[in-house]
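For reference, the structures are reproduced in the following blocks.
In the two complexes that follow, subunit A is the common piece, with subunit B as its partner first and subunit C second.
Let's look at the complex of A and B:
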């Protein structure tokens, strides 16, 4: 008995100092295959043919008429909120407020779209983007400043500000005669709704045959590339990574961590706010508080960012993955395929793919019994990178 | 070490591409017969209500069925609103047999996603789309403009186009009768109401319920708690518990699930339900409730679509035609109480009584509807049942949520 316990104790999970390139490919692929197998068992157990279900999902997400367009449409808001999460989380600044920052971006962008309707279209679209950026960034700076200078918990503050932003948006349309609210008809006075933006404020689309790409997705992709470059190749990004991996080391090295927290929160909020602007410009063309709150894009963005391992460039792919999953899920469900089963499948897939990430970052090792005493004196290997910054960690 | 992250994502993408190769080779075998009606949709056409309705006459067979699709806000298993719609969908299916194929999408949020769900249903060959919750209206209207050859129908909404119709029924008449039952059952005169969203449809329901309660229990009050959801048993339970804690002695709700009734049963309080007959969820507490028989509408409506005789409309079902029904009474009402409620039901059916006949006093004491005036169902301008945005006297709570 005691020998078994010590055998278990000798199993360690430790952080990898170096991630082999093949592993970063094999693990997610294997995770996905595993997910499809587990979900296949669930499908078979509930009397559905897994192969035809997967084929149907794939067709709906990619090959069906309008399928790929729908995937990109689903992905667009999550690309922005995914970037918002990725950039903040990379520095271990836990901005959970992407949701509220998206709302504030939507409020600002729709306000700009309404107020500047007479502007030429390119300028108007640009103005909406700028407004969205400002709305999201300013909203994110609040928890940023509180975190940096007053040491509040940014998770709680940014989360709570989501509700404040939600109620604010709700107030503008449902509980006031604000600039955003449509009061032009008797019907609109009773059934509260936002003012519709002029056609000039509709963001352009790119069409290739039957495929329609929203302008917002292109903006998001450009932003992703920009943020990737920022994190990877600039002093700003280097400092971010150092703060994220070893806060104390960053302070000793003279990095101004407080300023950095505020500015990274602003960058994170900017991404989410631009997502809000895209919701108005690309899709809604009206401020719809209830719809935006039901959509919950900000919270989904956290999953998108985590799937991408907080790499902005990979967020493009992970947002498309989640977009395809949502799109195909809606296509799959129906009288013979309950939505709950779709949710179960999506959950299994996300769980496996996110869980697989642990195998990329950590490894399981077993110590020989003879070596235990020697090793016990050392701190657990997983804590090492926090104290002394390893080159690999910084590079990530 | 940045590349591995890109690699992870690229790996996922690669799997997708492989699956693409596998999937597309077989996709050509899947039947796409019913899609023809959906394809010829010129984009951007704005159709006035005076335009032409989609023409569909005489081409529906079992091998080429008429596809009627439904968008549900909750699950068919909610035992309430969506359940009632799904019962009707199945009635449609069995009435028409193989000539009509029915589809649905459940748990669709009233948000940006609904536009995608509408597109998905069109891709699946839908000839008619029934959106069964108010929050879908804007997306439905936008889609109706783009697809003039598809029938769009919106429950509980207000707008119309040549291919976009409205349907609902006088739930408020049933709610008035349910309010009477609550008024009879209450000893203290304090009634609690678990309400979904502060929109006219729900405000009208609470007003009618309150007037019914006060008609048999003068001075009774109805305390409203908003959940801001149609279907969320957790929030519904919290709201019902808070009302029970506040000391009401009868509960009622306008939610999609019977959760309020389960709370009522646990606290031994009488309960007025909604949407479907929910007696089995709280057999002791059950008083009655407004129920909807949507098949009364769906079957002739779909028949008209298939015959080519469909015209846009604003349908409003009633107690009289069976679209709205009062659910069977529970055990606690006395026979004289039941008789009083049924007498009022007959008066409503006969047209001699309408709950929204003045004088009606608003919550703040002003006269909302003058004596002798009966509100119309819906008018573009002026006050109508559809546009009441205030609570009547006796309601405790804000109609703004």
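Let's look at the complex of A and C:
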């Protein structure tokens, strides 16, 4: 008995000074596994067989005919919104307006696609991308400016703007005679829909056998690599990381944090807006407010970004995981497959990733009994604000 | 005629505002202890679906069934809040992401939808509902009758709760301790106040109130359940706490004000006034929230009246 006590006493929990590389992989992977187990318990408790549910999901997302293609279709918007979340959250700027920024990107891109239909295809595709970028970035700059210059809580502002953008889309299609709405036939006047884009506005696809890769996913992957490089290897990214890890230090070092907040919000919104453009160019070819709103890609992007531990490069992989999850959930939708399972699992994954974060901050070590032990005296400066938001950030 | 519009507007405003009062009060108490919980929307939805499920599945006298439904809703909200409390107080993860995770977990496409499907309560008309009562038999008084004396019991309950919260926060020792935990957990700890216990208790209490706020939708406003029923009210409740400078009395005022904005569009349209598209009126509460937030973050409000200084900051004696 006493030996057990002393063995316990020799276990120490202490702060990590740096995060080992392997942990950055273990935490997300273990989170996914743990989430599958917890969701399995929930499934079993509500009378579903978890093993067969997971087998069905895997088949639907990967091995079924067209399954992998569909997974990429779901992953594409999540790649963009995941990047939007990752880049903003890395600097502790809480842009949860990816949803609205995606809508505005879609509105702008479909507008450009309709207006410039006579342009040659490559130029038209490019114009749609530029329009999507502009729409998303401008919508994100609003909470950015309010945050930087009025110290208004960007979480709530960006979120409120999601609803405003949603109603704006509805207005364009359902309650006005706007440029976006199809008014050419009597039935379209009674049952409002958007105008279909010309075939030249359809973004290209890459095919390999039966597998179809959307152009948007490639664009997203390129953007991910670009953002990864930006965060990792440029002065811009360095300043971002300093602001994120130690806001006060950044101010003392003369980094212009206000401008940075606005520009990072713009970059974040740009990614989400490009996702909206991809929804129009790759998949929808028409502005469909209801479909975009039901998909909720903006909110899912937060899960994608967090699962990637806010690393843009890792967002490519995490978007595929979450995309596969959504794909299987939608493919299996029906009375025998529980609705809400996908969101529940996404939530559990997020909880697990968060809980796993503690492993990246602390480590458990064993010391010989009697040996002098002491905790790391003070955490390094860069660790201090990681734990929370400052009160002023929330309040003002 | 015009007076009727105004009265109808105020009555609807109180109905729309009551879930905001309940959920906002819960968030206010949690934030006073220093815990920011962005999971209000998810907790409200869990409360809404749980309360509705209990009211549908339980037999017995209506009053008891409704009471049990309220308890079920509060319990569901409290359990959701407990997850956030554990992660943010014990594990000390980032409270923003943890709260977001809670909203995704329990929200529109999450557990609340799952529960609704498992118990098959979606799209059916409820068996029981809190209806307006004729308080003291005064509902026929002009103007104040329909507004003050003809509300459902939950409205009166929420108003009493606000008064109790005012007394608790500013007139009791426990309330003083609570505020000190939110202001300076280290000082409170040194005084012998159990910071962790205070934070857990008020976060969980906040969740229970958010659950009740959600249940107001399914047990009083309109007895039916559909995924994502609360439509962002959880977020407006969080904004209202800031708007109210963390004071329950101002929260009540703000909630009714927002309720009025929500009611404006439908009330005008029901009377054949189509001055502006309905989407405009639907978007007004959200735009108003932004305007209010900007206003609250500038000018004289800059002194941060009432903001708990340790809001969102996890506490540990280690000092990290």
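Note that in this section the second predicted complex is superposed on the first by the 284 of 396 C-alpha atoms of A that agree within 3 Å, B and C clash if a C-alpha of one lies under 4 Å from a C-alpha of the other, contacts with A are read in each partner's own complex, and residues count from 1 in each chain.
The rule is simple: contacts are C-beta pairs under 8 Å (C-beta built on N, C-alpha and C of every residue); 3 or more make two chains touch, one makes a residue touch a chain.
Treat the numbers as computed from the prediction; the structure is a model and nothing was measured.
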Scan A:340 for contacts with subunit B and subunit C and give back first, second, both or neither.
both
Scan A:306 for contacts with subunit B and subunit C and give back first, second, both or neither.
second
So, A:74: does it touch subunit B (first), subunit C (second), both, or neither?
first
Contact-wise, after the overlay, does A:99 reach subunit B, subunit C, both or neither (first, second, both, neither)?
neither
In the superposed arrangement, does A:348 touch subunit B (first), subunit C (second), both or neither?
second
I'd like to know which partner A:245 touches here: subunit B for first, subunit C for second, both or neither.
neither
What is the contact status of A:292 with respect to subunit B (first) and subunit C (second): first, second, both, or neither?
first
By the touch definition at the top of the document, which applies to A:153: first (subunit B), second (subunit C), both, or neither?
second
Partner chain in contact with A:175 - subunit B first, subunit C second, else both or neither
both
Which residues form the common part of the subunit A surface touched by subunit B and by subunit C?
170, 174-175, 338-340, 357, 392, 395-396
Mind pulling up the subunit A residues that touch subunit C in the complex?
15, 42, 46-47, 89, 94, 96, 146, 150-153, 155-157, 159-161, 163-164, 167-168, 170-171, 174-176, 296, 299-300, 302-303, 306, 338-344, 346-348, 350-351, 354-355, 357-358, 375, 378-379, 383-384, 386-396
Residues on subunit C engaged by subunit A in the complex (per definition of touch)
36, 38, 42, 83, 87, 91-98, 100-102, 104-118, 227, 232, 235, 238-239, 242, 277-280, 282-283, 286-287, 289-290, 293-294, 296-298, 302, 304, 307-314, 318-320
Over in the complex, which subunit A residues touch subunit B? Could you list them?
18-19, 21, 23-29, 32-33, 54-55, 58-60, 62-67, 70, 73-74, 77, 170, 174-175, 185-187, 190-191, 193, 228, 232, 279, 283-284, 286, 288, 290-295, 307-311, 313-314, 316-318, 320-321, 324, 326-327, 330-331, 333-335, 338-340, 353, 357, 360, 392, 395-396
So in the complex, the part of subunit B that touches subunit A is made up of which residues?
1-16, 19-20, 22-24, 26-27, 30, 35, 75, 102-113, 115-117, 119-120, 123-124, 135, 138, 158, 197-200, 380-382, 386-387, 389, 400-401
